[in-house]
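Common to both upcoming complexes is chain A, partnered first by chain B, then by chain C.
Up next, the complex of A and B:
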């Protein structure tokens, strides 16, 4: 599923929209405007947006917002959301305290 | 047997199942039945996934546990799972799947490593959200949350609820909200047609709930919580048509706008994934037995494509058997024979007008060639003229069933319910039920209670001069009593006159669907389909 996108394409410049103040990622409180701005700053993949803005990195791990952000990104890039590489999935799949992560236990016994 | 790695000794299972919902439980049962040592991890405090929130009767045929309520299916599965020796570990969050089928689980703040020879991922789905001004206000909730509050914790989600989404989830939850005593102010959907089963829509409509298709939420009103909703009509490009704004007073907005597979664990494990809009999003590529691109990692249920619990349970069985085969517990012949039966059962559920291949299509005829009611798809009810065109509706002297079933959906309990052979569906379970005029209806009411879509009524014009007796399925409390006078509502939920309760029948075989017989003037016999209690009106 690895997709190569041409980064040199010109998507124009960021124009404010009336609903830019809408919160999209509730956990990290990131607005639509911030996401759109980041796209015009060069974040053309979901993973980049995550790293740049922390969208989808809060307690729900993107369960509410990832599809919405996918839609925003696809619209700004003027491509289908199917062309977007999904964001990285890695452990821990759920938020976990460092103390738990460090508390490895032998064999469940 | 244990494995040493990085200082941690891992407990080994033949199969590790992730998720104790309908798919995960059936998968683990099948695997355990074939002799495998199985553990199921679920992050929730209670097993069953969504099953225990499903208080309605399921569709399908007997083999799919049709006409059983979801939570009872859940009870049955848990009982079987414990009988066959499945170990179910709750409050156990799987946080990763690593090479060589190593699974790490957070149990009681300890990170425990397990090793499976096979893994079945049955993590289900997550609810989609939509954004609009005010969507983060308290009072905007997912339909699943509403179900959790009502059906698991007996908490009323709100008093006045607006439902966004007319798929089966939106329709079923709207009905359950009514049952919980909430007022559903409207069901709205941006799509031009109702997405779920017509019968589900009809039972909501006849309670007086209006549908607004091609409508979307413009704004959730309120400062600190939802106090109302402004909606508007959308054009073909999903843009609000100026001047169509409508305001509803509401304290709760329920979102039922689809589900997405919770497939991140599989992506992390390295399974080949694909974006499939028909399956609801990112899903693993898998073979007919639910095996992913990584040998020994299987999937079942919504995580591999959004469907419903009945098909999830069959997929679970298939992957359980396939896991048994992959570990050498059963031979290929046995796998093929068993899978063949299950695949046929799955196919029968995936037929009809709501079949995956028909998604997004506009059908105007049933398989039998009857016109599909556009009124049903747009307003949520069949008109009087339309009703009479279907094979389940025939006028006859004496008591007889009137089956207002007009779409090809996979469901046939009514056929089995009638011991007098009044109702015929035939081999293909999506066919419309046909009422045999020659057969003698005894008025036992089994068909009325068996219909998961609550679309069967008994009509009797011969009891009393000038009156028609109508028996309706009734699932609201308090239960009316004989002699009660109430409002007679038609299919669209409008009041058309008064009705008197002449009989209330409750039986174990009806499984909590009560049969209310009301009498209305004969000219209303073909119109009245619901009874509204007067005390309810006064409150």
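Up next, the complex of A and C:
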């Protein structure tokens, strides 16, 4: 059951922080500042951040950065990180060539 | 607790968000209610991003043309977010004589509706997009079609509407719409109720159950389609692609990845419990389809696959309509898998309907009471 969340709640205004230049999502080179700015633009879930910024959309699919982003989001929204649903993991587990993925049909024949 | 606004919108998909934005621009107060935790979690964030006029139903075509001419080209600027819109044309590809017949029919219908749309030979198609295989013997070509990023578009409308004061509530599933003194007025959820002078139902397939709470039924089913995305690739082309055989559709994004959607033939026979779950069968099937047209992509790596549902209306065009039995209710559902491209136009039209204004385009073809039995 999803928790009811009003997207107009006041979380203050975006204030730059000294380490905003830090790259958080290494695959897509998204900085902490970009993530924080998007949160103030209304992206209040990990899935929305991912769709808006491409965090966790690169080759590693968020396996490196998702925990860190969860922490940033929880701090900005002033809630526990336990309240945040993780973004969905998707097949395939590792990037796989089209020719290999498309070759499954003949397996049993 | 009763929250009140001029307009209450059920569903934060691209249609709901676009409508909210255009209403807020008119100065109306709006509340958007979303069942999921995430904004735009249905088909709006799961589609292939086509902004296409070709291949449209004659009733839908004017909406698509209006969007391509008046709304999409300036949308990024208007919303302050790059929605990655490309107007580089659409090729619908054919490999057999039967395919060419399908395409010729599409071309004829498009031309009748005033669209710039032509048949081209396989070689002409390869001049437009040099990466196509020799199996392609012909295509339809619409130079003013294009594509955009559905994730960015949906969230850009959300961001801008929110800035203009629209209230968005997520995690709030609607149970029923209730009449007060003969007029739709109250939207009831598990714990709350929201009151609006106008209620807009734009909840995809879920609209059917919600509409039933007030005695209205729209004949639609839920189809599950899948999409896959490759790793970043060198820039190859920016046309939108489809096929006469409907093997796949897709494009290369700003990021460089290819986004391809398709199906396995089992769309209507999904498990039903989680429509966002992918199957082991569909993505390989899409890959096989793509490689026949683009052999060069055989080594491109798939990084991610996902699924989403289509609210497929019995006549495959949407319902965009006031409801005579329920004054104050506007239906916007049944987009049948091609709602994204016309979403800005539809949002504009619904905002005009809700504000009691004359609509820019005729919407009488999308009435809720158009459905007739076969005998």
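Assume the second predicted complex is superposed on the first by the 99 of 109 C-alpha atoms of A that agree within 3 Å, B and C clash if a C-alpha of one lies under 4 Å from a C-alpha of the other, contacts with A are read in each partner's own complex, and residues count from 1 in each chain.
What we mean here is this: a contact is a pair of C-beta atoms (placed from the backbone, for glycine too) under 8 Å apart; a residue touches a chain by one contact, two chains touch by 3 or more.
Here the structure is a predicted model, which means the values were calculated and not measured.
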| item | value |
| --- | --- |
| Fit-or-clash call for chain B and chain C when the two complexes are aligned on chain A | fit |
| First (chain B), second (chain C), both or neither touched by A:51 | second |
| Touching partner for A:8 - first (chain B), second (chain C), both, neither | second |
| Touched partner set for A:91, first chain B, second chain C, both or neither | both |
| Touched partner set for A:101, first chain B, second chain C, both or neither | both |
| Touched partner set for A:78, first chain B, second chain C, both or neither | neither |
| Where chain B and chain C come nearest after superposition, their Cα distance in Å | 6 |
| Chain B and chain C footprints on chain A, overlapping residues | 1, 61, 90-92, 96-97, 99, 101-105 |
| Chain B-facing residues of chain A, complex | 1, 19, 22-24, 26, 32, 61, 63-65, 67-68, 81-82, 86, 89-94, 96-97, 99-109 |
| Parts of chain C lying in touch with chain A, wherever the complex brings them together | 35-41, 45, 151-152, 154-155, 158-159, 162, 167-173, 191-192, 230-231, 255, 276, 278, 280, 283-285, 287-288, 290-291, 297-306 |
| Chain C contact footprint on chain A (complex, rising order) | 1-8, 41-45, 47-48, 51-52, 54, 57-59, 61, 85, 88, 90-92, 95-99, 101-105 |
| In the complex with chain A, residue positions of chain B that touch it | 2, 7-11, 43, 93-96, 98, 104-107, 109-114, 126, 128-131, 133, 135-136, 260, 262, 264-265, 267-268, 272-275, 277, 281-282 |
